[in-house]
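Shared between the two complexes below is chain A, which pairs with chain B and chain C, respectively.
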Partner chain A sequence: MNNMVNNMDKKNQKLLEVKDLRVSFFTPVGEVKAVGGISYDLNYGEVMGIVGESGSGKSVEAYAIMGLLQSPGKVVGGSITFDGEDVLAKSEKEMQAFRGNQVSMIFQNPMTCLNPVYTIGDQLIEAIRCHKKISKAEAREKSIEMLKLVGINNPERRMNQYPHEFSGGMRQRVMIAMGLICDPKMLIADEPTTALDVTIQAQIIELMKDIQQKTQMAIIFITHNLGVVAEICDRVTVMYAGKIVEQGNVEDIFYRPHHPYTMGLLRSMPRLDAEEYERLIPIEGTPVDMLNPPAGCPFGPRCEHCMKICLRREPPQIDLGNGHTAACWLLVDEAKRLAKKEETPNE
Partner chain B sequence: MNNNDLIRVENLRKYFSIKMGFMKYHYVQAVEDANFSIKKGETLGLVGESGCGKTTLGRTILRLHEPTSGKIFYDGEDITNVRMLPYRRKMQIIFQDPSASLDPRMTVGETIGEAIDIHKLADSRKDRSDRIHKLLTQVGLNSEHANRYPHEFSGGQQQRIGIARALAVQPEFIVCDEPVSALDVSIQSQIVNMLEDMQQEMGLTYLFIAHDISVVKHISNRIGVMYLGNVVELAESNELYNNPLHPYTKTLMSAVPVPDPKISRERKRIILEGDIPSPMNPPSGCRFHTRCPYAISRCKEEIPAWRELAPDHFAACHII
Partner chain C sequence: MMKFIAKRVAQALIVIFLITCITFLLMNLVPGGPFLSEKSPSPQVLAALEAKYGLDKPVPVQLKNYIVHALQGDFGVSMKMQKNRPVGTIIMEMFPVSAKVGIIALVGAVLIGVPIGCIAAYYRGTWIDSALRVLTTIGVSIPGFVVATVLLILLGSTWKLLPTVGLTSWKSYIMPCFSLAFYPMCYIGRLARSSMLDVINQEYIRTAKAKGVPTFKIVFKHALRNAFIPVLTYLGPLTAGILTGGFVVETVFNIPGLGRYFVQSILNRDYPIIMGTTIFLASFIVTMTLVVDILYKAVDPRIDLAKGGSR
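Coming up: the complex of A and B.
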């Protein structure tokens, strides 16, 4: 477990740096700017949640990092640096080595990634052997060890079974095992629990927390379930219409949200622990049409605080301190106030 | 039977037969001996894991599936074997997938108009189009939307159209089968609020099915919990959350993620071992015994009785 040792050593050092990343789909009816210039860092061992509206670019952004964008999608600007290396400059062959070895990804629907005609064992062994020069017997041993790690009973017997002989929750565990088998430095999990029932979802969340603690692997956790984010993420990125609208550590986002979309999202959800009935406060309006996005702030047409400037100019990212940023014109004064406060700490 | 009850089911059971080879049949025991009622004007929530029989139960109450045994009462009348046409108008359903439940070749106005025509509710052409426009406004769309096709709308708007269609026939009872599951979080609350408003305005009664327990708790007066075809517990919503009695309900409540970092990290979860057994071959005795952390030897042999353990709080378990 070489990477694992590395992960521990390098805690709090930068692992991934995404800078002004832009991804577009060139469709017959026009360019869809699916990711419209996003920037963020991820440290070794850090767990970051990406939340946001459906179609806001969460998956596309992950595909860009993995080099898995399908035509007509293209990276049209920006950079991705992973562990000091320029990811976008890699050849397809280098990307194949990068995937699995450095970064791996697990998807919402495990059946799309498991081949129905091979046994689970063959697929796990193949996944190791295409990255590491080890014998079949060693690969088999490692596979069994991984299945044990993800909580599959009787792994020796399970190795000889086919994907359809596993339940949904077990397949998702196998996917996680496959994602972890080459000790990647980073795991991207795209809605890994969305298709699962709550009790199975709870099993998978406990499993991911446990593995993260053991391996100190960095994780990007894409989900629309804010409850899951609250539980396992250190930091949160909130996306809307291809932009990052707010970013910060999990407590800042949940207890001190500053962007109207984030606030709206948190406010609109019913809470299981609510004692009394309270009417929900929805975010009004309809999702953005990505073919004809609004000018200025993408959230403008649905924002209760929308001002004239919001419809003309895109708001800047405002630094709220402690790695907390939000892109909203309302915060421009707030930013000035914060800056002033820093000048006179003993006010 | 209480005459405040709009719906009552007694020992309602639905098995599906599946052909397995020549002259060989297997039964999926999708709903097993359900007993409960839904009061006029109330929302009864139904939660439970995928495949536990929620949709089947809802559809069997509407007799979109014929019950295998047991009885269904509507407003005091036994409708288990009657001709359903007179009841069809009063009992409607809203589906999970708004795009699949709308005919792509029909305009929104035609879709709603068709429902009005089937039950001959409009006196004149003008009355018909007035009704359509009023319904569209009620669900937060506008009258010019009547001439558009479903694909021109977002998922949330399509769900509004589905609701307008259900409301067009002035129903009394609506089975809402996962009406918000396919929608974005920010849109879900719009639809939930709208369903609440409609209920207020028209005195509707809902059976609200969803796997998001937070949403169900928010909208429902009472909640029933299903496991593998059985309704295992039923109680008033807050009572069920604060004082769950059945071991499965306890597990389910503890598994729901809470969007609050401090609370969710301190909370203790009950993690269930294993997977849900197949409804084709359900475990003997209490169907939950293969996964229940509290199971005793009796649970394997004897089916626990459905009992009222506190006022209006029902559960089926040997140890409570």
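Coming up: the complex of A and C.
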């Protein structure tokens, strides 16, 4: 883990900077603005959770960083800076050197993410040899070491087996090993536990936490599951309809949420400290139709606090201090109180 | 693996036995006989001939005798076309000619069909894709004998570019092989295209990209091997198709192969040749199907042969 020292050194320095990123899908029925201008930073060694319901643009945003967007998807604006380099300006060749080496990604469904006709060993060795000029034997050694690290017994024998000989949890471990094998500075985990059953989920989260502590690698953890976020993330970004609605430390988001959508998410989630009789309250209404998003606040049609202005103008991001921001008109007065210089909308 | 092969061989023997019985009975149901051509011999000569070849006995007895002899490796002698030469010898003489044409057609169909499919998939939605689609649609909709006849008329007789009869030089292989290969080539092209498009959208391809694997390696290592699996399933039926296609093509181009000979033996009611060829071709197809199933296992490790072969 030669990066580890590096990651420690640079703690609190900016690793990833996403600025006003916009991604659209140009479909026959119109432009789908899957990501509509999001901005955030991620420091070395930091673990950030991205939460939001299905279709909010979490995966699309991650694919944009990896340069994995499929046509008709396209980055239509903004910038992505990783470790001082402009990711969007890279050529396809440069992206090949970047993916898997600087940033790795693991996916939701481990059952279909490994190539069924090649052995695990073959696929691990390939992942190293794409980026490092080392012999097959050395690559094999390193692969076995990684399999051990992710808790796979009998790695020498497992190397020669095919994906169908592994269980879902084991395959996700293999995916993690594959993601970490080139010692990347950042890992993007797109719902890595959603497809697994609960006990396996817990094991995988434990493993990722463990590895993060060992390597001090930055992680973007995409999930529906706020419980998982509380467990391993330092910071949380809440997305809704391709926009960031709230962002902040885990404590701020969990104990001092300011956006009605975040509050709704928290209410809809089972909590350990909840009283027996406390009901889980699902968020009313249906997710936004991304082809015809509402004017104003995207959450407006479902928001219990919706005001007139919400339906006409998009709320600004309000700084609540300590890196906590939320985009909601309700906060404008509070923001004035907090910052005393936020412009009041002329209602 | 050995158990699988043993089971399949046993199944094959049953299939061949049934084919033998059915062919034998059908053959005897068809009016006419080997010695009943235009200049029919006198009744006495006919009776003597029939007695010599055992045709005077009831059909079930004939069948029993045939099977008993066949089990001892004796498939009888030709009654008419090459009088009194053993059927086995005749088949072994004719088959290599058919096999040569057939193998060229089969290999050609795969080697051209798969790239056609890949190119069409790669350029999907462009004019290249459309052009290939037109070609392959034509290919799968016109029968082989039409292709053979059109080629024969245009290249053979109108423009006199290629020899029309027999197998004298490499040039004479072009038309028969192409006639045989055209349909399977187009079929494989379509199969490979849809299979490639399917594979390219699979999640393991995305994983490979996320690892930073270069594009050509993604296509030729990760995608092609998976995309080839459906093509492989088609190889069994394809072999059978090329064999039966050979009956027509060899007749059209007058090639001295087993296919043409088989057709003639039926017209001539040369019973032992009909039976011998049928059993031979059936065994050949059954063997090829088994070989294809074993090939599967080599390409797709998920296949458990013991559990019945294909997925």
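We take it that the second predicted complex is superposed on the first by the 329 of 347 C-alpha atoms of A that agree within 3 Å, B and C clash if a C-alpha of one lies under 4 Å from a C-alpha of the other, contacts with A are read in each partner's own complex, and residues count from 1 in each chain.
Basically, contacts are C-beta pairs under 8 Å (C-beta built on N, C-alpha and C of every residue); 3 or more make two chains touch, one makes a residue touch a chain.
These numbers come from a predicted model, not from an experiment.
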Partners on chain A (chain B, chain C) - clash or fit: fit
One more residue to check, A:Leu265. First (chain B), second (chain C), both or neither? first
Kindly classify A:Gln96 by the partners it touches after superposition: chain B alone (first), chain C alone (second), both, or neither? second
With both complexes superposed on chain A, which partner does A:Ile318 reach: first (chain B), second (chain C), both or neither? neither
Go through the superposed model and pick first if A:Ile205 touches only chain B, second if only chain C, both, or neither. first
Answer with first, second, both or neither: which of chain B and chain C does A:Asn109 touch in the superposed model? second
Angle at the Cα centre of chain A spanned by the Cα centres of chain C and chain B: state it in steps of 10 degrees. 70
First, second, both or neither for A:Leu15, with chain B first and chain C second: neither
State whether A:Glu284 touches chain B only (first), chain C only (second), both chains, or neither. first
With both structures placed on chain A, which of the two partners, chain B or chain C, ends up touching more residues of chain A? B
So if I take every C-alpha atom in chain B and every one in chain C after superposing, what is the smallest distance between them in Å? 5
Complex contact set, residues of chain A against chain C: 66, 68, 92, 95-101, 104-105, 107, 109, 112-118, 126-127, 130-131, 162, 164, 175, 178
In the complex, chain C residues that touch chain A: 202-204, 206-215, 222, 225-226, 299-302
Quick check: in the complex, which residue numbers of chain B touch chain A? 49-50, 154-157, 184-190, 192-193, 196, 211, 213-215, 217-219, 238, 241, 251-265, 269, 271-272, 275-276
Which part of chain A faces chain B closely enough to touch in the complex? 53-54, 167, 169-170, 197-203, 205-206, 224-231, 250-251, 254-255, 264-266, 268-275, 277, 279-284, 286-287
